[in-house]
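In what follows, subunit A forms one complex with subunit B and a second complex with subunit C.
Coming up: the complex of A and B.
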């Protein structure tokens, strides 16, 4: 099964406010509020770490969730954000020079 | 994950009220403007309108237009300065045309070749942000120049961490309070109830300017139902209230995500430009990170101001 790599799109603005990650697409102005789990995935989306490793080493370490469940939820989440252009998704590592490492303060 | 599709609503919602009020009287220009022309108008007279500490010089030859500016912005006029933005204003005879098929006259604001361009049925304008110059083609209509000024200030403030907000604002005891809300939320009502010691900055469009780590609220001549320009004054912002009418007077905390959503909904924002969207988002989040905010539910009598000091 091929790996999935994710990177934050350059076409977004994001900010941690009051403990919640808020993300806005500069393309269609869609506004997202990410919960804690989604925020962990978002912050780990460096284009180099496979999604499977993010799930195992980040999500499952920090939250009480079965790996299979976490993986399924993560894939759904990634798919939804990619539909809005918030996340870039590839089966290859996404180079850091690719405009995909947007700010995520 | 919670998904909010709100910013697109914002784009249509934030058109200034005065623009909608006169929609049936819109004037449409059919001529082309030479937006590349850089030569100033000859024999033009200059008037400088300073809002939010930002002077904008208007150069025009039309006596009626100049009289309109002097009368409408009388509290905001100042001597022209070299560092201000300067616009050549060309006034043309009015041409009344029917509204568009959908009954609206669409406002468009876009960036082209490094210049901002904005147009609606009753005006066309361009602005070179680097050269700090621009041209405006419009009728003598006060709505047209009001709209142009709001757009210009919105674009300039976006890059400086400030914004124009659909909301009332007032200074009390040297500190400014913002009251944000959509139409009907109570902006004009709370302005009417203001005690004599309050300096009313606006009942309609608040001007938020960033100064280092703090934010200033500035008076604007843009009036709502109160039909009275705000005082030309400014003060550090103490609190942002999101207005809600109710049976009693109280303040309640708001989750930051909800506050951001409401704030973005009420920020004036005209351009569909990705970089500008980012700037506005950044400005809004940084503002909420520095200025206290809460929901203000109020019963429409003067006692609500006991909570605001």
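Coming up: the complex of A and C.
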């Protein structure tokens, strides 16, 4: 089964507010707040660490959840945010980008 | 409650400055008749100083960052500042007259992920707009820039300050915004100049024109709802606050001075000498602003409009007391609902004449 790599889109605005991440897309102004688990996944989305490792080493360790449940939740979360262009998803490591260094809509 | 409103409430409870408005310069290539600024450069922060401030704002939890001026593009480093802000993942809004925005600037702002650009347009007629900005050709250049920005897919808002000198053009300007495919905002607020000069207040709309605005469904939506009498004032209202100034928002001048709001000229500190967080959390002035609840306002706490008034504590401060009424907001409440405010009754200002007295019936 291929690995999934995730990276934060350079088109977003984000800030931690009282332990929860606020994220807004500059593309369609969609606004999200992420719970603590989703925030950990978001903060770990460096484009280089496979999602499976994020789940095992971050989510399961910090929140004491079963790996299968955590993985299913993480995949659902990644899918939802990728639909809004907020997370970039690939089966290959994703090079780091910052706003203005790459074309993004 | 919307997600954004929830976040505002949360930031309020946590004391986080969710929104900061920073003027990067007071210099401008226009000389608008209603402008409150002194356009001389009295020692703007350098590129590095502003970047350092932005770093501190990100650490403090600021999410919404508004770049304004003066004219922001008078600074050659403006897009470098935007780039730095976006690397820090701020939601960036830019206020500009657009005169210096061409295709390249519009493209760069889109690449950087600017959320929204707001441009000032005072009329759909070039001669009226140019007379207000005192810059010949400015209407064409601003409208051209709106087209450049729209062609890049950026969200654009056309902002109109309605005054005595352009009041006839409100509908035409609104139609222009529609034609350009951009949002439209209208504000009839004219504030005194920074040095206290109140001569420009003559440009404020008079009561008849305000009432016409408040009856315009294209501006206010449901007129009956918008103009309905205020709900009774209860403890929730009295325990509340006037606005977000000093609670979840503040303003930073090009010289590093920090104020509760761009319309609230109460100095609270300077980021060239102090850390932003020290000013935000510990400035006695900021703490005083934050401490004032509606129940602490001697006149406004007795007013029937207390729960629905747009009372601006900054305008009240400019009138003499941050705990006092803001007369211009009293007038708006009155002309919106037909019900005089406590301040107007106190001063005998309502409806331009004496109130009707109940007289004994002669039998």
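Some observations on this one:
We adopt the following convention: the second predicted complex is superposed on the first by the 96 of 105 C-alpha atoms of A that agree within 3 Å, B and C clash if a C-alpha of one lies under 4 Å from a C-alpha of the other, contacts with A are read in each partner's own complex, and residues count from 1 in each chain.
Quick note on the criterion: contacts are C-beta pairs under 8 Å (C-beta built on N, C-alpha and C of every residue); 3 or more make two chains touch, one makes a residue touch a chain.
Bear in mind that the values here come from a model prediction, so they are computed numbers and not experimental data.
In the overlay built on the shared chain, the residue A:94 is in contact with neither subunit B nor subunit C. Of the two partner chains, both subunit B and subunit C are touched by A:22.
Once the two complexes are overlaid on the shared chain, A:51 sits clear of subunit B and of subunit C alike. Touch criterion met: A:38 reaches subunit B, while subunit C stays clear of it.
Contact with neither subunit B nor subunit C is seen for A:7 once the two complexes are overlaid on the shared chain.
Within the superposed three-chain model, A:80 lies in touch with subunit B and out of touch with subunit C [touch as defined at top].
For the contact definition in use here, the residues of subunit A common to its subunit B contact set and its subunit C contact set are 11-13, 15, 17-18, 22, 24, 26, 29, 31-33. Listing the residues of subunit B that touch subunit A in their complex gives 1-8, 10-11, 255-257, 260-261, 264, 274-275, 277-278, 281-282, 285-286, 288-289.
Those residues of subunit A whose C-beta lies close enough to touch subunit C in the complex are 10-18, 22, 24, 26, 29, 31-33, 98-100, 103-105. By the touch rule above, subunit A contacts subunit B in their complex via residues 11-13, 15, 17-20, 22, 24, 26-35, 38, 77, 80.
Across the interface of their complex, subunit A is touched by residues 3-4, 6-7, 10-11, 14, 16, 18, 58, 61-63, 83, 86-87, 89-92, 108, 111-115, 153, 155 of subunit C.
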